[in-house]
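Each structure below appears as structure tokens.
The following pair of complexes shares a single chain, subunit A, combined with subunit B in the former and subunit C in the latter.
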Partner chain A sequence: MYRLILKMAYKNMFLRVHRTLLVITMIAVSMSMMLGIQGLYDGMAENMIEKNKRSGSGDIALFAKEYRVQKELKYRVKNASSIKEEIENIKGVEAAVLRLKAEGLLSTARKSSFAFMQGMDLEGENRFGRFEEFLKEGEMRLEKGDAIIGLELAKTLKLQIGSKVVFSTQDIRGEINSIALKIRGIVQTTNIELDNSAIFVDIGEMHRFLGTNEEEATQIAIICKDEKLIEKLVIKYPELEIKSFLELKPTMKMMQDVMLIFNSITFFIVMSVVFVGIFGVMYVSVLDRIREFGIMISVGMRYKYIRVQIFFEALFVGIIGYLSGAVLGAIILLYIKNHGVDLSSFSDALEMWGYEAVIHGTIKISYFTTTFAAIIAASFFSILIPLRKIKKLNPIEVIKADK
Partner chain B sequence: MIKLQGVNKYFFRGEPREVYALRDINLTIEEGEFTLFGGASGCGKTTLLNVIGALDGCESGKIYFDEKEISSLDEDARTTLRLNELGFVFQAYNLVPVLSVEENIGFIMRLRGFSDEEIRRRVLEVATLLKIEDKLKSLPNALSGGQQQRVAVARAVAAKPKIILADEPTANLDSNNSQILMNMMKELNEKEGVSILFASHDELIMKSVKRVITLNDGAIVDDCKQ
Partner chain C sequence: MFKLALKNTLFYKGRSITTAILTFVSTMLFILFISMQDGSHNSMLENSLKIYTGAIEIYAKGYRDIGGNDYLIEDAKAITDKLSKIDAIEAYSARYETYGLLSNKEYSAASMVAGVEPSKERVLSSLESALREGKFLDEDSKNCIYMGAELASKLKLRIGGEVAFVGGASEGSFAADIFRVCGTFKTGSFEFDSSASFLARSYFDELMYAKNKASYITIKLKNLSDADAVNSQIVKILDDEKLESLTWKTLMKSMVEAMEVDNIFGYISLSLFLVVIFFVIMIYGFINISSRIKEFGVLRSIGLSKRNIFLLLFYEIFILSTLALIVVTPLSAYICYYYSINPIVIEGIADMYKDYGIVSDEIPFDFNPFTIVWNIVVIYILNFISILYPYIYINSFKPIEAIRHV
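Up next, the complex of A and B:
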């Protein structure tokens, strides 16, 4: 019996082929647009988070207690090198780096600005977060007297490759000390803090400049896969302050939440369109065939079979719409992922918020599975009112209407 | 086989436009009968057919089908009765447009759970009897009105119901097709032994049947066996 019902449902779908095609097209187009928007939003957020992790704190960062509040060199991790080695040997840890950071004044002959100097091991940073990929201009080289500077800070101080600057700060003895540096490279990390205020030097040179020893650092940053590593580290190093990326960057969490809300609203709107589309086509289709259903009931067909038939009809429309939308959406997502969307005309505004001018999307299986589940649900709910119409149908009235 | 005792039915009960549709109907239909409910339009013949066919209920009285009272059955039991014991032929054919002639004829058999082989064999048998065996793969809209009505009759008879209820089956047919259809139904009545009840005012049917029950204003005014 169900084979016949399936056949009837399938054939009924093509009884008004233009109407059905219109709804399928509507579902496919709206769904593909939704997938594109979801991929773009998530791509923006993930790209920003990924670059912030690579250039900044990684997944987890360790500091001496009070350092994040006081930002003074006296709150540094004394045995940072040993801790780093221990952490690197923990399963799930992909990379770890030491950083030494000091706030001060960066000056040229004409201008000066607040800045912080970050001492780092360039090779280690490349392993940690492919730092060389952030190079916008110049070269990625940190020898004695060399510095790499954030793009926005370079713009503020009107610095170019080869420009000379002086960075002044307090060393560990409390003396104001200055170092002359030559700009070798300009980087754009999309990490606002780094782009606006950072000047990078070799960590060894910074130790010599500040008077710290090579065992010390103000931050240990870790890239890892194990989400529970932070719990182990908190137990292992109780003397340190250990924070996850999102704890250190609550704005990123907020941005993720905002993107989730945007995506949910888009999803809701599109699924409402799908629901209304399927409901419309099913309602009209049922009204068109009300006599047919009346006769089926008269000759002894049970309501449950009619219910199954109507559900299959709605499901066919939904699934064909879904498949078309999934293919179209996958093409759009692949394009956005590989080529990106060029928003160069808004680049200043985007960079101010830490986004790139060319935004690359992302593709997740969950986009397709969630949409599939929602379309099945929309198909189911869209037939409730048409079914109610049939349930209340009096076959006598239908037969009378024949005459 | 079918027995009606003191059956009364009203339309719009309690409203100013109340209509007495069936008045104190007492009637017995035996197995294998070929009977017509006749009378002017609005006399209650279709209503009587619907009440017998468990499509409609009645306000008072009792209806028995094979000694079993059916007037008090719930909707589910009435659906089962219609499916297993009765066959229907309507004025407007009412075939399923997306199914082939073969599938339409076998539709009720499939609802009743007959096997594919049984359905195939019986559909061919009935289609041959009704001379539509060459149309089995066609869709209903490719057939003439007379052929569509024959498919409707075949659908009604295929599952071997005890009784077929035919409401104005020739109303949409020309005289030639009406005659062909009546001859075929008569043959079915004789060969298959199925009882057939018509509701019609068609003279042609009136001449073909063995018993004519005439209604007027919802009451039986004449019961004539010919």
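Up next, the complex of A and C:
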């Protein structure tokens, strides 16, 4: 019996082929657009978060208490090297680096700008966050007198590879001290703070410049897989301030939340409208065949079989629409993921806001599973009112009635 | 034909109600979305222009690209004399900017130090109204420095505190002096508040050997929308190839671009809703028409042309769209107007996004009748396009076929 019902449902689906195709097209187009937009927006946010982690604090960062508020060299971690070694030996820790940071004035012969110098170990940074991948121009080299600079700061000061700059700041004794540097590389990390204001030098050279010793640092950054590591570190190092990435970058957390809310609202609105579309077609389809259902009931077909038949009709339309939308959406997502959306003509603005000029999307299985569930639900709910109509049917009257 | 269309819309209630509701929803969404987007962009722009940047600024060519003392304006007065002849200009002032290190006993920080004309800045910028502590500058302030609150906090300075300045003078020599903090300001722009400080030009010019020199001349207009026209006038009146006059569109290129990008993403999101709604309107129109094939067959048989059929469908969608728009337009316009006067406030948003140049917690809407009109035109066009496929479908039947259609 069910085989026959399935066959009837399939054939009825194509009874009004234009109508069915329109609904399928609507589902496919709206679903693929929605997937594309979700993938693009999630990709933007994830890309930014991932690069901010790699270039900045990692998953967890440790500071001396007061440093984040005062940002002064005197609030540095005194035994940073040994703490780093201890942390590296903890299970789940992938990499840890030390950084030394000082704010000051960066000057060329013609221009000056506020900047901060970040001392780092280039090899360690490459292991930590593949820092070399941020290179936009020049080379990744930090020997004596070399510096790498953030893209926006380079633009502000009109710097090129080989340009000479002088960085002036207060050293550990409170004296104004200056260092001459040659630009070896320009990086774009998509971390606004670094791109706009950072000049990177070797941490050893910075220790000599500021008068700090090699054991010390202003930040210890950690990349790890263990989500509970932060709790262990807080207990182990009570004298330090220990923060997770999202605590340090609440904007990123907000961005994630906003994306989630936006995608959920979009999903809800689109699926509601899709539901209205399927409902309209199913309702009219039932009304068109009301005599047919009357005859079926008169000849003894039970209501539950008619219900199953109509459900399958809606389901077929939904599934074909879904499959078309999934294929189209997957093509769009793959394109956005591999080739990206090129917004180079707005590169100034995007770079200023920490985005890359070519925005790459992301693909998540959940896009397809949640949409599938929603379309099946929309198909199911769209037939409830038409079924009510059939249930209340008086077969004799319907058969007698003119079409 | 219009009468027939009107009767049809009343007869096919289901389709009419659905189309009208969907048109209502899509129009409301469209108008409010664009209004909010434009409103927040205008607000960002106005805030930035209000703080410090001028609607138009005049530079010596090369100052912005290369910079340095070689590209200063050497005779600022000659230019300002010419500017005073332009009616559309509300105020102007020559500013001298340099970067230097400010230090007190323990702390140092880099700062942009600018020599300004205090009386003119009162009109030109929001520096005075951003006063947080102490007092704003006047022409005789001497070595008084008016400092961003974040910068003062970084240097642990209070009103009356002294700070040493080291920088480069306009002819290349070192310039050093001790300033006294007379006032601090907070504009809301984190970057500006943490890096800018000001002195009266009368004093600063002596220190920097910058008498009658300027980094640039900033101009405030009576009407911001006249920027392009006034700029052309300025270029003409200056008639000097060594100078360039730039409007805010160039001066704030990154922000203008950022708004364009934001618009693009906004339109992409909006297009999704409009496309889905367009499809549903088309589907309902199609369902309606496919149930009226016989009727169209009869109409064609009694002499109605294809054009008449098109007109009939056009009038039907026109009536439904217009009915929805008559209700939704004043409602949406009122909401836009209301929120343009009473902006939505999201506490903490400016602090959260301070790195992105957001200086206010307010999200105002933009009430612009022209924008609302073009929004409505787009909705009309979409609704009209939605009848094309049903029209093509109905015309695929010959009148006899249509009459016999089951």
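As a convention for this text, the second predicted complex is superposed on the first by the 400 of 403 C-alpha atoms of A that agree within 3 Å, B and C clash if a C-alpha of one lies under 4 Å from a C-alpha of the other, contacts with A are read in each partner's own complex, and residues count from 1 in each chain.
Convention: a contact is a pair of C-beta atoms (placed from the backbone, for glycine too) under 8 Å apart; a residue touches a chain by one contact, two chains touch by 3 or more.
Fair warning: this is a prediction, and the values are worked out from it, not measured in the lab.
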item	value
Clash or fit (per the criteria above) of subunit B with subunit C on subunit A	fit
First, second, both or neither for A:I331, with subunit B first and subunit C second	neither
Touched partner set for A:A109, first subunit B, second subunit C, both or neither	second
Which partner reaches more residues of subunit A (counting touched residues only), subunit B or subunit C	C
Touched partner set for A:T251, first subunit B, second subunit C, both or neither	second
Touched partner set for A:G300, first subunit B, second subunit C, both or neither	first
First, second, both or neither for A:V281, with subunit B first and subunit C second	second
Included angle at subunit A between vectors to subunit C and subunit B, based on C-alpha centres and rounded to the nearest 10 degrees	100
Which of subunit B and subunit C A:V69 touches, first, second, both or neither	neither
Which superposed partner A:L4 touches (first subunit B, second subunit C, both, neither)	first
Minimum Cα separation, subunit C to subunit B, after superposition on A (Å)	13
Set of subunit A residues, in rising order, touched by both subunit B and subunit C	403
Subunit C residues within the subunit A interface of the complex	18, 22, 65-70, 98-101, 103, 105-112, 154, 166-167, 194-195, 253-261, 264-265, 268-269, 271-273, 275-277, 279-280, 282-284, 286-287, 290-291, 352-353, 355-356, 389, 393, 406
Partner subunit B, residues of subunit A touching it in the complex	1, 4, 7-8, 11-12, 15, 291-292, 295-302, 305, 395-396, 399-400, 402-403
Residue ranges of subunit A touching subunit C (in the complex, touch as defined)	16, 18-19, 22-23, 25-26, 29-30, 33-34, 37, 40-41, 71-72, 103-107, 109-115, 158, 168-170, 174, 176, 192-193, 250-251, 254, 262, 266, 269-270, 273-274, 276-277, 280-281, 284, 288, 343, 346, 348-350, 352-353, 403
Subunit A contact footprint on subunit B (complex, rising order)	46, 50, 53, 55-56, 79-80, 82-84, 86-88, 90-92, 94, 96-99, 103, 107-108, 110-111, 113, 155-156, 167-168, 171
